[in-house]
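My structure is below; once you've seen it, I'll send some questions.
Just so it is clear, A, B, C and D label the chains in written order, and each chain counts residues from 1 on its own.
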Amino acid sequence: MEALTQRRGGWLVAALVVALLLAALLAPGCGRDEAAARSVLLAVNAGVEAEGLKQAARDYERQFGVRVEIVEYPYPSLFEKLLIAFSGTTTTYDLVMLDDPWFPRFAQMNGLRDLAPLYQTKKLDGPDADFLPPSLALCRHPYATGRLLALPYVGNSQLFFYRKDLFEKHGLDPPHTWDDVLTAGLRIGAAEKMHGYVMRGAQGNPIVADFMPLLWAFGGELLDADGRPRVDSPEAVAALELMLRLGKIAPPGYVNFNADEVGAHLAQGTAVMGINWPAWIPTFEDPVRSKVAGRIGYAVMPSQKNAGASAIGNWLLAIPRGSDKASLAFDFLLWVTSPEAMRLSAVRGNPPTRSSLFEDAELRQRFPAYPVQQQALLGSRPRPRSPVWNEIENTFGTYLSQANAGVYPPREALARAQRDIVAILERWNAAQSR
Amino acid sequence: MERRPVPLAPTAFGHRGHALFPYFFLAPCLLLLLALTVYPLFYLARLSLYRMTPEGEAFAGLANFARLVTDGFFWRALGQTLVFTFSALTLEFLLGLALALLLHSQIRGRSLWRALFLLPMILPPVVAGVIWRLIYNPNLGVLNAALQGLGFDTSRLTWLADPSVALAAVVVVDVWEWTPFVFLILLAGLQAIPEEPYEAARIDGSGPWQTFRHITLPLLAPAILVALLLRTFDLLRLFDQVFILTQGGPGFATETISLYIYKTAFRFYDFGYAAALSFVLLGATLALSHFYIRLLQRPERTA
Amino acid sequence: MTRTRLSLRYAALGAFALFFLFPLYWLGVTALKPPAQLFAQPPTWWPDPPTLAHFRDLLAGAALGRLAWNSAVVALGSTLLALVVGTLGAYSLSRFSLPLRLNHHVSFWILSTRAFPPIISIVPLFLILRQFGLVDTRLGLVLAYAAFNLPFVVWMMKGFFDDLPRELEESALVDGDTPFGAFRRIALPLVRPGLAATALFCLILSWNEFLFALVLTQTEAALTLPVGIANQVTQYEIRWGAMSAAGVVAMVPLFFVALLVQRHLVRGLTYGAVKG
Amino acid sequence: MNIRLENVVKRYGWTTAVDHLTLEARDGEMLVLLGPSGCGKSTTLRLVAGLEELSDGTIYVGDAAVNHLPPQARDVAMVFQNYALYPHMTVAENIAYPLCVRKKPPAEIAIEVRRVAAMLGLEPLLERRPRALSGGERQRVALARAIVRHPAAFLMDEPLSNLDANLRLQMRGELKRLQQQLGTTTLYVTHDHAEAMTLGHRIAVLRDGCLQQLGTPMDLYRRPANRFVAGFLGSPPMNFVAGEVVDAAFHCRPGKLPLTPSQREAAAAAGAVVLGFRPQAAALTAPDAPGALRAVVYVTEEMGSESVVVLSCGEEKHTVVTPPGARAVCGEAVGVRVAPADVHLFDAASGKTLISGEG
């Protein structure tokens, strides 16, 4: 008979487990509310910038007692999460980090909060003039003239890295045009048994970012003045052909490289030249992690028919319209983009967006490349301000990557890209006109 | 005579309060299934007739399906998924069968080996992706290091970065993770075969190859059928490993249909088109599952 | 068994072991390598000195702990939900002859859900859950996971109930027990091993799931371990150390679960088609 | 409490398992349902238990119709062919189950269980699991579970068929004593005619769902209602020979046998007639003896207490029981003589008994 009663005990245990589980399931809801009042949720791109922001958040909490919770996502996933957050009614984030090409899309979706009224509450009429104009222009919708919906936080623009010691050794002056890059790459590469050039070939954002400077230097444009794609222009074909020639002297497998592999090759001294983001400078100068400390030269983008222009790649900080803690988020936004906080972030390796910091003596001593970075940033160009940029970049990037992998010859790859980009824009315009 | 499992007659519960008894048991299950698998399919059907953008949705009729027909990327992704499924299937079957035969014979520590070979399958596919991304890395990876040790020039070997090899590389990862699945089923199938036919064959003097062909293979057929069909379903849905290993790259070389639908829906926010794509995939798998169930049920009747 | 055939057999076994087990060893080794050694070219075969740095970093950031807890809660929650509802459904499908051949239709439909690629249900599920504000909540994930756990439970448990002789329940009824009593006191205790195996399977399926978690979570309120691992593949550098450490953590609980489930493994994997 | 079935019908799709069955087990009586497998005897039992749905007719337990009552409301206990013991419960729990389900107080349950266990000699086994019991012990536990709740009636579905031969004989005796001691009305299903003869106060022979005959064992053995019943009872089974009655004798190919006047008279009305005689009622004689049938010895089986001689006449086979140590040799021609009084006559067409013999 005891077995029957013992079994009744079994049911009690089961009920307990269920109750415990239900509590755990529902707990986060309330868990988040108590601490939520004094906390701000920030979504960031996993990587160097995220590390900087985490330390800034800790300093901010110590100083002002407001917790800044940070969630990290890799580049493609961050865009997806933001796209979902902005399209829904309520959003989960109070502050978000945007790559500048995404800005038009989210601004168009009316997902970002206008900062002007928030400035008024602080009795300020707007961001101070210390911000570099090209960076600030990215934060306005429409571009450069419209409402201010964000503040530039990381002032990235592509830099051209080259082994200045090898150039001196072979009696060559730094490459001025892309043809120089090719010839120097061939010569030094052969002589030193190294890869003449290294670039990002992974499909999507990486390869497009590395191709734009070439395209602009050859006088090509991705979208013409009134937004029609001209991807298959002769200039574009010439630019892609040069890219393929550079590919010949690049490390095998560059078609799948992201910034990580490019940086590794430059730091291990297995490549002569390459484009990368300034965030890698500390790595190159660190003797522990790099075999070429002190032997890397920095330059603006080589020119060709037109003057060289690097693609601007600023990370912006914006407040989602759906967030109910806008003022709390704005306080942190102002603090983190203030000169003092941005200086700390610069020291941690994130290029600033304020000219005062670029010209700061102490920072220039630490980061010899600042003058070139500032110059590159001032001369940089934004990638086309289209709300459908992400789809264009993905399709264009796929064809560029296939061209580099030899799947299509340059002319055919660009023709296919042109056809698909036209279709994307048509679909977008059809949806808009409804 | 062996009584087919005749369900309890409702009157076994025919008392006033009990007539509805079976439905009381089935109701929560049916409701939840309806809500979680059937309603979404209707939602999907309706969705495939609209063009969804963050700003709102607009009726688009069959525009999504029309676009699908001319979408080169869709057919590429579908083609690659089928190529992937077929090659992984044959490799997994051959390796699985070999391993099953090996462990079915008198090997010391058989159950230990079986438990060990089980591990890859239990692993989250994401972790399998991580492991093999480590192994395939051209510079840091152990594969190239081993090949260099054997004297090969691995400078041109970039595995996941080389479009002509990437798909094969991803196939190897799936073979690594799921061959144990086929091996387990075939081993169970082998162990279910009684001893008598083998003894009879031995007495009749048939060699190892004839025994395999005339006894083992035919008797193993039902298990083989089940293993291959279940693997086909899993291979068609491939997403996790490719997402970690190559995200469909280089270029478009390893894009599978699931990944393509995922990107369409969540990266380009084009739910309408993604719904249309899902609908086509749904049709294909429904036909396949109907075929599979008919096959599965037939052996039961003959057994 | 001639000498050569025996040695051939063991050679083959060695080759299989190398192919299947070495990657697991490599993950563990990478998780223990000190950061500098991670980028060594050629890679070293053994971490010297082995360090738990990566594990400490993951725990320090509290990210891993939070993610593992989310994974566990969601896996347990969806398994329990699927188990309770599924077992009741399976019992009625196995025991009662329902009108309009309902048994057959429901069984066919449940098996065909096994065939559907999850990508088909994630698009509508996401939009539906978003309407109810359940995106980025553990509850939302539990419901989504029930979509593939439930058919699995119903099918498995129906197999176990079919194997149970009817006379036991009939005898209980004749002895005066109510139908629910017969279910609770006779049928349920007798399928307890089946229940355990099914529960463990659902746990494995939910713990490993990636696609649903990727789409349905946004913050650490609901983020699960597999998505956490995938997030280590950043734009700038792949955090090999953190990623392999998280991988090991995701793998360890499964080893024990696998040993427990061994006996019922084949039946579970093949939806009961092959009685392992 | 008596059990009455009136025009009970049970159909599975097109096949009719039970065809308008009407019979009654009187209070305290052990009524045996006897018939070959598939004759509907088990189905009838399950209909009474409520485990099957009635197609037509009514079933009364006592004088209350129970058609629409679920099994648990019919106060009948059932012993299954394979005992249906709950494997996860001990013997004590198995026996206690019917009382436990009725929410009886544990103390009272314990007493009842001990009492019934003593009755069946099960005390030493109370804490064991069914797995650890022998066939006989399991069978007794199943019985105990039926007895403990003092039901209105017992329903037993071939409870002895899974036991080995001599254990079955021993249990048969105990079962009979127990039933008489308890006086509970019992419906007992079996295909073994010996079991039916020894246990049943009355026997109902079924075939293809229809009642062939209802009566005491001796009624059925001596005065079978038709050829089926005659052939079904008794071992070895009754011999049948086709032929016709011509003036005072029964003529058939192997020879002719004399008939009594009453037999002649009964057979006069019928056309073709079948003669039946029990192997025990026949004797071997010289091949050409008068009034005997010619046959050839096919094989002899030595049973110890008697010998069974199988003869072949033409294509048919007949058996004759002789005292042990028969000297018949295979292939030897012999004669078979049956006393006219021990002969039964059946109508060849309908199988109905025209006149029964004494044997």
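Basically, a residue touches a chain if its C-beta (ideal position, glycine included) is under 8 Å from a C-beta of that chain, and two chains touch if they have at least 3 such contacts.
Not measured: the values here are computed from a predicted model.
Participant: If every step must land on a chain the current one touches, say how few steps get you from subunit C to subunit D.
Facilitator: So the least number of steps between the two chains is 1.
Participant: Would you kindly say which chain has the C-alpha centre located farthest from the C-alpha centre of subunit A?
Facilitator: Looking at centroid distances, D is the chain farthest away.
Participant: How many angstrom lie between the CA centroids of subunit A and subunit C, rounded to a whole number?
Facilitator: Each chain reduced to its C-alpha mean, subunit A and subunit C end up 36 Å apart.
Participant: Mind checking the centre-to-centre distance between subunit B and subunit D? Centres are C-alpha means, answer in whole Å.
Facilitator: Centre separation, subunit B to subunit D: 58 Å.
Participant: Would you mind pulling out the distance in Å between where the CA atoms of subunit B average out and where those of subunit C do?
Facilitator: Computed value for the inter-centroid distance: 15 Å.
Participant: Give me the residue numbers in subunit C that touch at least two other chains, ranges are fine.
Facilitator: Residues 39, 41, 170, 173, 178, 189, 214, 230, 233, 238.
Participant: Of all residues in subunit A, which are in touch with two or more distinct other chains?
Facilitator: Only 84, 264 qualify.
Participant: Pull out every residue in subunit B that's touching 2 or more other chains.
Facilitator: In subunit B, 8-10, 12-13, 18, 139, 266 touch at least two other chains.
Participant: Give every residue of subunit C touching subunit B within the complex, in rising order.
Facilitator: So the residues of subunit C touching subunit B come out as 1, 9-10, 12-13, 16-17, 19-21, 23-24, 26-27, 30, 38-43, 81, 85-86, 88-98, 103, 106, 108-128, 143-144, 146-147, 150-151, 154, 162, 166, 169-170, 173, 178-180, 183, 204, 207-208, 210-211, 214-215, 225-226, 229-230, 233, 238, 240, 243-244, 247, 250-251, 254-255, 257-259, 262, 265-266, 269-271, 273-276.
Participant: Going by the contact rule set out above, which residues of subunit A touch subunit B in the complex?
Facilitator: That would be residues 76, 79-80, 83-84, 86-87, 109, 111, 201-204, 252-257, 264, 390-391, 394, 398-399, 401-402, 405, 407, 416, 427, 430-432, 434 of subunit A.
Participant: Touching subunit C in the complex: which residues of subunit D?
Facilitator: 49-51, 70-72, 74, 76-78, 80, 82, 84, 86-88, 97-98, 101-102, 145, 149, 155
Participant: Considering the complex alone, what residue numbers of subunit C touch subunit D?
Facilitator: 165, 167-168, 170-178, 181, 186, 189-190
Participant: Which of the residues in subunit A end up touching subunit C in this complex?
Facilitator: 7, 17-18, 21, 24-26, 28-29, 32, 41, 43, 45-48, 69, 71-75, 77, 81, 84-85, 88, 90, 92-93, 205-206, 258-260, 263-264, 268, 277, 279, 288
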